[in-house]
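Following this line, the structures themselves.
First chain A sits with chain B, and in the next complex the same chain sits with chain C.
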Partner chain A sequence: MADILQLLVAGLATGGIYALVAIGFTLLWQTSQTINFAQGEFVMLPAFFVLIAMGYFGLPFWPAMAVGGVVSVAVLGLLFKKWMVDPMIRHGVLPLVIATIGLAILMKEAVREFYGADAWPFPAFAATTDVSVLGAVFSVQSLVILAICLAVVAALQLFLGGTRTGRCMQATAQNPTVARLLGIRVERMILYTFLINGALVWVASLLITPIYLAKFTNGEWLGLYAFIAAIIGGFNQVRGAIVGGLLLGVVDNFAAAYISSQYRMAIPLMILIVVILFRPQGLLGRVEERTV
Partner chain B sequence: MRTLKSVLALATLAVACAAQADVKFAYVGEISGSIAVSGGNFRDGVVLAVEELNAKGGILKNKIVLTLYDTQTNPGVARSQMQKAIDGDPYVVLGPIFSGNVKVTMQLLQQAEIPSFTGGEAAELTTLGSPYLFRTSFGQQIGMPKIANYIRDEIKAKTVALIWVNNDFGKGGRDRLMKELAARNIKLVADVSTESGQVDFAADVVKLKAANADAVFVYSNEEECARIMREARKQGLKGPFVGDTTLLSQKTIELAAEAANGVVGHVGLTADAPIPAVTDFAARFQKRFNYKPDHNGIKGYTAVYAVKFVTETKLGKFDRKGLAKVMHGLTITPKEEPGILMETTWDNVGEIDRISFLAEVVNGKQNISKVLPKLGK
Partner chain C sequence: MKNRRLAAGIVLAAAGAFLLVAPFGLKPYGIFILTMWAVMTIAAIGLNLTLGYAGQISLAQAAFVGIGAYITAYLTTKGWPFWPTYIFGGASCFAIGWLLGYPALRVQHHYLAFVTLAFNTLVYLIFRNEEWLTGGIYGISNVPRPSVLGLSMNSPLAFYYFCLAHLALVSAATWWLIRSPWGRAFVALRENPIRALSLGVDTRRYTLVAFALGAGLGGVSGALYAPLVQFIDPTPFALALSLNLLLMVVLGGSGYFFGPFLGAIVAVLLPEWLRFTQGFYLMGYALLVMILMAFSPTGLLGVADRLTRPSRRRAGAAAGPVEAAAGSEGAR
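After this line comes the complex of A and B, so read on.
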């Protein structure tokens, strides 16, 4: 029982990070029909922004973290939209998808060239101690990660549902034409989603890198897992991405512990196939109809 | 008179050209990919030795020209890169470090009759019958008995939980360790296989915890060792953690940070060895590359000096077949060749023997607690 509880908490902590990244996928898709295949690399990069701020500019960890956040929002939110999405999206979804794949390769190789192929240690902002509950030992770091993920998701939901800007963003996501007729500044709302995505990947990066170390390849599997999570949960629903992320984290951990470490990657893919076959819109997604 | 001057000028030019002749060395190793840490260290050790030798005029007054080939830690790429290196007609090949890459390329080197100095540690490499393959560090058949003795005599463990990486290196070590533990009546209570490049070890550490063993043996590459240690500390797994050279390497300690403290084990090579020549080497390496070398840096460095010693002292000429022949059964002492750092012997299959160390990580530093003699002494 203790093992199951530990696996559950560890899985939820990892799943929470997948959820943050998957939310970014769904937000960008809903507002701008952007599928960002560089999303994994977007999570890899903020950790290096922080390391550069610490290593090259001599900043302590907390200010470096803040600088990393500002740079992430600016580069991965604003510049990504202005320099890549805006020029490409008018040519359709597919060219943009291919462009983001190219961007992922560019970012990965740039980090390798600039920072090397080695992994780098990254400071954790939670102590590596543990607490014992009902005979099960939980790591404080996992609990903190889980708490931060839940807090970020809750704050985002509050923002989207409880503020005028958030509701305008939702309206833009549901029907940009009608939103424009209602006087909503659609372009600005789309920009906000890109900035939010920049902030989400920054948080995900700060949470995951202390455990997995900073390495140029980190985005490969993370982007894939988050993409699968978004599809399983429902690509057009933020709550779907949350459920998909948490589910994937838990299933992945249990599969590694009780089925096989070697086949752990196969289990999420099998779930993906089952979901696509029997519920193509995802567990919490809604069916989208198109008029042709 | 004018003709005589021209002849003299041409003769001078010819002598100058002869003096500037080159000898080609090829490094075929893991510059990128999952064990880039190890391959990068080995490469830098080679580069340092080559620069030092070239500054003194090279080998037999021939400047060493080093070409680097990246296997990307991928056996398919390793084979094509090795063929490319062989096509360049090198005197020797240094690397690969990844045992899987050594296995798929050693036959090419044997066919081309080019001696190679590998960083691979999988036990079976020297049993595959290549007369051109030479180790730069212990094979697992040498290291594991020493570790098993350590687990029995120093830690006094009756049960061991093992976590290992599922590649040629990890599988070779696991098989050898299981044999040695069984011979000492030490029970293996968990056998946890992991993947090369794996980043999430939460489930694996839960399995180790459930085993409740007297000692946890960690056998993986440096980055994975660091991630395992971080996860183990995160989940409150107490250990003691035992391992071989990679678990106690400088890079693992750097990546694992405080999670590496308390790790104990056997190290074949270390920059923290209480030997002045090794300390001097580590200082030169640090000055040149701005980081502290691990055992792979020493492997690459000493391999180049072994080639230099045999070529200059034993052969007096560049002779690949002669080099391979002389290496078998050879002992090089630091008195004969300071660049070898420690007395080293190669046996008739290219296996290496030298002193080794028992160590513990204390406050982020590797402390040598005991020096173990050469097996042949």
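After this line comes the complex of A and C, so read on.
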């Protein structure tokens, strides 16, 4: 019982991080039909922004973290939208997909070339001690991660559902044409989702890098898990991405512990295939109508 | 029009002649790379059928190359002769492609990309973990090279011509295929599946055929890859190769017959010539892909087409550009 509880909490913690990344992914898809194949690299990169701020500019950890956040929102949000998505989206979904695959390679190689191929330690902002509750031992780190993820998700939901801007963004996602007719500045709303994505990947990066160290290849599997989470939950729902992410983290953890650590990756992939085949809109998703 | 065709003929003849004489004066490693180009081009031609002509994004091509390579490596090291394993490798990939296509083609576009991506990763896990069959991370070594009519293909030069001959055969077969009614149906499928369906094209069957043929060519490429490298392990068949093959096809010009040839030059040969640039090559490659996608989603041949075409009139649809396919997705 204690084992199961421990695995569950640890799974929820990593799952929460997947959820953050997957939310950003689905937001971009909803508002601008951008499928970002570089989303994993987007999570890999902010950790290096922080490391650079600390190593080359000598900032202490907390200010460096803030600098990393600003740079992430500016580069991965604003510049990504202005320089990549805007010029390409008129060609349709596929060229942009290919271009983001190119972007992923570019980011990975740039980090390897300019920062190094090693795995760099990254400071955690939670103590790496354990607490024991009801006979089960939890690491403080995973509890903190889970709390932060829940807080971020709650804040995002409040923003999307409770503020004027958030509702405008939802309208834009649901039907851009009508939104424009209603006087919503659709372009600006789309930009906001890119900025939010920049902030989400920054948070995810700060949470996950202390566990897995900062390495240029981190994006490969992170991106894959984010896709899987987004699709399992439902590509067109923020709620879906949350459920998908948490589910994936838990399943992944239990599969590694009880089934086979060699095939741990296989379980989420099979779930992905089953979900796509039998419920392509995802567990919580809506069916997207197709026009001829 | 006539001038263009003449120019294209001259370029082709020159390229063919170059390929025949190129290995002379190259060191064995150079010949190896050139052979690798031929092998990868075959895989890319297969993907071009699936992506460029039938319009289905597949991220599983590396898995098929891997399956073909492992079948060949496993059986030839067990003492089978080359040709039966070669045919078996290609045919099994065709069959697996067909079987995968059955459920996978219920979904389209980005969903298909994710299903095939998952399939590729699963196959990679099997290569890595099923040691009794694939040798796990230690792989299978000492894969023998075939002999043709009693002539051994052991020397790099002989094996180069062997692979080049395969490339020529595959090209000829594909050339014929895309000009046959089947090829026309593929294009109809890509341009507007619903319209094709309404005109009586059995879209499901043709998509399956295109997908399975692409997979089969992946298997053929793998069956040549194993004796070329003579040692195979799981790493080359990970998702990275699938992405790379996809980039090759798109970079060269998806939906153009010669797109994969050109794409494979950029992805396989150029890195060797630009070795002195080290990691910067890949960055340049990535940038090139991004810039091309921004300005010409039809790839390098799309640029060439635009520069040489006198009027904006389109040539034959079978060899025509893929702009419409790329564009029509956007409307959703």
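Annotations
What we mean here is this: the second predicted complex is superposed on the first by the 292 of 292 C-alpha atoms of A that agree within 3 Å, B and C clash if a C-alpha of one lies under 4 Å from a C-alpha of the other, contacts with A are read in each partner's own complex, and residues count from 1 in each chain.
Going forward, a contact is a pair of C-beta atoms (placed from the backbone, for glycine too) under 8 Å apart; a residue touches a chain by one contact, two chains touch by 3 or more.
Nothing here was measured: the structure is a model prediction, and the numbers come from that model.
In the model built by aligning both structures on chain A, chain B fits alongside chain C without clashing. Of the two partner chains placed around the shared chain by superposition, chain B is the only one that A:252 touches, whereas chain C remains out of contact. By the touch criterion stated above, A:215 is placed in contact with chain B alone, chain C being left untouched. In the superposition on chain A, contact is made by A:10 with chain B only, not with chain C. With both structures placed on the common chain, the touch criterion links A:35 to chain C but leaves chain B unconnected. Of the two partner chains, chain B and chain C are each touched by A:262. Here the apex is the CA centre of chain A, and the angle it makes with the centres of chain B and chain C after alignment on chain A is 70°, in steps of 10. Using the contact criterion defined above for the overlaid structures, shared-chain residue A:112 touches chain B and also reaches chain C.
Once the two complexes are overlaid on the shared chain, A:277 sits against chain C while remaining clear of chain B. Contacts of A:141 after superposition: chain B is touched, whereas chain C is not reached. By the document's definition of touching, neither partner reaches A:158: not chain B, not chain C. Annotation: superposed on chain A, chain B and chain C show a minimal Cα-Cα gap of 6 Å.
Overlap of the chain B and chain C interfaces on chain A: residues 112, 262. Remark: chain C residues 57, 103-104, 106-107, 109-111, 113-115, 117-119, 121-122, 125, 128-129, 194, 239, 243, 246-247, 250, 278-280, 282-283, 285-290, 293-294, 297, 325-332 touch chain A in the complex.
Per the touch definition, chain B reaches chain A in the complex via residues 31-33, 36-37, 40, 166, 192-195, 197-200, 202-204, 206-207, 209-210, 223, 226-227, 230-231, 233-236, 251, 254-259. Contact residues on chain A toward chain B in their complex (touch as defined above): 3, 6-7, 10-11, 14, 112, 116-121, 128-130, 137, 139, 141-142, 210-213, 215, 217-218, 221, 252-257, 261-262, 264.
Taken in their complex, chain A has these residues touching chain C: 33, 35, 84, 87-99, 101-106, 109-110, 112-113, 220, 224, 227-228, 231, 262-263, 265-266, 269-270, 272-273, 276-277, 280, 290-292.
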